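The chains carry the letters A, B, C and D, assigned in the order they are written, with residues numbered from 1 in each.
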Amino acid sequence: MPTPEISRRINDRIEELYERHLREGDDAVSYYESGRGYYGPELAAEERNRFAICLVSTDGEAYCVGDHETPFALQSISKVFAYGLALADHGRDHVLKHVGVEPSGEAFNSIVFDERNNRPYNPMLNAGALVASYLVRGADPVEKVERLLEILRGYAGNESLQVDYDTFEAEMSAADHNRATTYLMRSQGMVSGDVEEILAMYLKQCSVQVTCRDLAVMAATLANGCVNPITGERELPRRHVRDLLSVMHTCGMYDAAGQWVFDVGVPAKSGVSGGILAVIPGKMGIGVFSPGLDSHGNSVRGVRVCEEISERLGLHMFATEAEDAMIGAAPPG
Amino acid sequence: MPTPEISRRINDRIEELYERHLREGDDAVSYYESGRGYYGPELAAEERNRFAICLVSTDGEAYCVGDHETPFALQSISKVFAYGLALADHGRDHVLKHVGVEPSGEAFNSIVFDERNNRPYNPMLNAGALVASYLVRGADPVEKVERLLEILRGYAGNESLQVDYDTFEAEMSAADHNRATTYLMRSQGMVSGDVEEILAMYLKQCSVQVTCRDLAVMAATLANGCVNPITGERELPRRHVRDLLSVMHTCGMYDAAGQWVFDVGVPAKSGVSGGILAVIPGKMGIGVFSPGLDSHGNSVRGVRVCEEISERLGLHMFATEAEDAMIGAAPPG
Amino acid sequence: MPTPEISRRINDRIEELYERHLREGDDAVSYYESGRGYYGPELAAEERNRFAICLVSTDGEAYCVGDHETPFALQSISKVFAYGLALADHGRDHVLKHVGVEPSGEAFNSIVFDERNNRPYNPMLNAGALVASYLVRGADPVEKVERLLEILRGYAGNESLQVDYDTFEAEMSAADHNRATTYLMRSQGMVSGDVEEILAMYLKQCSVQVTCRDLAVMAATLANGCVNPITGERELPRRHVRDLLSVMHTCGMYDAAGQWVFDVGVPAKSGVSGGILAVIPGKMGIGVFSPGLDSHGNSVRGVRVCEEISERLGLHMFATEAEDAMIGAAPPG
Amino acid sequence: MPTPEISRRINDRIEELYERHLREGDDAVSYYESGRGYYGPELAAEERNRFAICLVSTDGEAYCVGDHETPFALQSISKVFAYGLALADHGRDHVLKHVGVEPSGEAFNSIVFDERNNRPYNPMLNAGALVASYLVRGADPVEKVERLLEILRGYAGNESLQVDYDTFEAEMSAADHNRATTYLMRSQGMVSGDVEEILAMYLKQCSVQVTCRDLAVMAATLANGCVNPITGERELPRRHVRDLLSVMHTCGMYDAAGQWVFDVGVPAKSGVSGGILAVIPGKMGIGVFSPGLDSHGNSVRGVRVCEEISERLGLHMFATEAEDAMIGAAPPG
């Protein structure tokens, strides 16, 4: 538990970081501005300017700045938790038979498969995420979605998380590429059953709304070995924690995953709505929300903020030194 | 510094591991058996049965079993050190302009390039390794090779490391794919100058002979922040240590890199001659040598041994527990 | 009009050809034996041994041997006629905007598109054929299918041609790859509307049943500038005849199209049910039916028979000599 | 033999065609303007404006307009004749083992191979053309080049054809992509021996200089069953004429081959220096020379002129009517 003085200084640093990146702006286009999702042009423009940063330590301290209470859709960040649930439901070997753990160098919506093993390359690409959702146990689609919601609520320590049905419907009506991906997989025996049902399951999971604060708590839960630092509840069997973090580490940032490991060096996952969840094992979770996207589909500001936090706190997994502690140091420039 | 009692127990464990994997055998074909390199059929068959395991801790304690004094060519493992030298010579930004850090899902000899940035995907694939060697500074090819040899000797703490010219000549005469790769890169402006010279530089580096013990010391140097634990010499500026480990982590095991991170969870590099170098940051270096290869070009026994060591010592980077310490526990089964 | 004597000699030659290829057998697997379509194992085995050859001259003389009254599904051969109807409905320029005329070197079910022009490569691949069917005019799906049936009946001079609904239903239930292809195209704006409707239209067209005799009359109609030599009816505006024959010529035999042009040298189209339709412009149409398929999806016997007919009658488009006339010459061997 | 009146009218038509296309201009960039070859900027600009059209009938009448005496390098058009020589030297089956006849949908410099058969897709792509040159018989490189020159002189009926060594040297010094292609093929056993020698052979053949008139005579020789209509000499055994025309037909215009067959409908080959050679079997040869290139590497004006000639004379191989004879009709517009 940090002293009030230290807490104050952390807060100051994050605010400085927030203010500076807010001023610098970014001219990237957001998912919704590019005509996707259910937002009309006005809402898209408003949404576009959202920006929030939250850190939550593994002992439950939270530091938040900006629009940290604005809800947004989890989108691809949900892939992490669905994959974890599939691992818990079936074990490592069974899940590996259905979806690999190999970065493919391909974009998020790639329909290139691991032909040698007749499976998608990894569960952080859409194809593999569809398989992971499909693997989640449940008597029927309602129960499957309910189980997924429950686990997301557990990670976030927030019982009010819900599917946003406006988002879901917008996603369903623009889902032809994912629909095609699923039919391709069914034609090759990678999934079976009702494709619309698989798709709906996956897109409901993508449409769950969180705040940036929720995101940081979810990250902190992952950082804390999948025990929520606020509720004290375990959300994933201990033996699968490393599986989840490993796959996030090599595949979480799409076809920029290698650069992210090089620059930031911590397991993370981004979503097309502008969120990034980053995990500092044993230390803290980071959530950033800023909708402008780069060419890989990652939040421009989110990447920059995480890079700077990692650099200044010496959080890179292979850092040999904590260059200079964020808490005490003066801001750059 | 471990007590004599602990050292004895570590030795016992490694010997048990060695004996068990030796008995189990493997029916994989080696690089030399597949008709490559300079070995005739008899030598290839003899070479085929070599097997050694060495651990060297970051305080310099060494534990070796099997053919740990048998020399073999570094092959692709040399890519790590040439890339480090290029980083030290030019800095991160310059090197990144010429070779990326992105896993590509492609095999080691892929001629698919990162077209957006007109560069090879990463320095652990042949194409990127050729560029890294090409970037190493030196007034002439002799000086470049000499600098590379010096750095390899430094990592290994072994002044006697040399290019094996039989290996080199065999490699040069079977180098058409690498030659084609280099001409392709020259045609696209990724390298310039004499292709045969670039190739010779690269293949000399691949032909440096080490023992499994050397390999483990090199790994321990990496684990020790690039300060050789035996000589106390720094081999790479501190700021590039994380660069090297990051790239090994995401790209070191070819198109099985993701599975390796999932299963073993430490930075590593394999070579086609059957060596694997694995790094446990802050703790130790591991060298394994066993020439039978899997379909990715990784040593079959090497992968299994590293998996088991990682599992039993809880070395996986994202392990939340040291399941049961190798030192004290009984062997499985 | 040939003399009775010449007709007799042609008949003799075709019978010799038939008997010889029947005796030689072929061990290729048929579409139905590979578990596709609605046939049970027994029917598939029976179907497997069907074999028929028909020639119909542009003045309406027909020469048929073997199972020339056995009905089978047109399958991909229908692509030719749907493409023709789309051309007649919209003109060359409009159709070219939606589907190209370029051989792609890809297999029949390729989902690689001509990205520069955002369209399938050609209408003889499944993707392009789905677009061509989609383009056929009609107030509703019923009218569109009816128009297609009408045109097929016209080419065949056979008012009884019908969709076989057992085939259609079997195809619909195994259509995931085509379904995925259509969703992919819809996601990229190449088609719009109800995917199941587009698919049903296409698969009904594939499920129209013909005999080998029908096939040869359809080929003869194409050979006769799209005027049916028996009914005297024009089936396609004169200006599109060359469009149809050109596309058949470069793209009709899947990824073996170039070899076919080289060896046989006439416009042709094959179907997975074992039919081949070949066109000798100004002279005659050829139909062959034999279900065993090669690795490209072309009838093994069909290819051999066409090669031999072309060779012996000097029908190759670029032949500089009619080597020796089939009508008068002795059989080989 | 046309009457003087008909000859005059043909001349008038070609001149009208020439004048019109000259006036319309084209803004495409030429090979030399894009910095290739040995031309400095001034010469490249001068070269850029060349334009010539020649028709030579199979009875030897020639009609030429524009810069028909300006020499230019044959470049890829030479591939046709080297392939013919390889066929004559080894027969169809042997040559097919080493290079296929399948259009691949790939660009002229593709390094994608027909893996099933371990060969380049076809001899009109650079890879396949290198193999065809390599197959040409000869005691040594000098003799091989001499034989190729002889055959080119034979087709052109012009004993003065020579390698232009300025072009050759410029090509050799910019040949890294072809060099890489050849090393790739050697690494896969598709060729053997000295790569620089194979490359030099191929690039000498590409550097042979012709005029547009030569080109039209070469085309007329092909149209005349490979008997030069002026000298009366046979340049290729009769049985291989159809092989040559077939491959030109499906593969001659790079990845625009299908569109060319659709639009123009005659066997043809283009070269990067701006030449197009088109063959109307039994009737005439066409040569066009105009260096501005489209995105496929084909002469922009060359394609347009051939399209118009084919259209107006009804030369399309599958034309059902000669729409209106060029000789007698008024010019459009």
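Convention: a contact is a pair of C-beta atoms (placed from the backbone, for glycine too) under 8 Å apart; a residue touches a chain by one contact, two chains touch by 3 or more.
Please read all numbers here as calculations on a predicted model, not as lab measurements.
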Both-way neighbours, i.e. chains that touch chain D and touch chain C: none
Chain whose mean Cα position lies farthest from chain B: C
Whole-Å gap between the CA centroids of chain A and chain C: 51
Whole-Å gap separating chain B and chain C, where each centre is the average of the chain's CA atoms: 56
Geometric centre distance via CA averages, chain B-chain A, whole Å: 33
Chain C residues counted as touching two or more neighbouring chains: none
Pairs of chains found to touch, sorted by chain label: A-B, A-C, B-D, C-D
Contact footprint of chain A on chain B as seen in their complex: 100-106, 116, 121-122, 225, 238, 241-243, 245-247, 249-251, 255-259, 261-262, 265, 267, 281, 295, 316-321
Interface residues, chain A side, partner chain C - complex: 111, 176-177, 179-184, 186-187
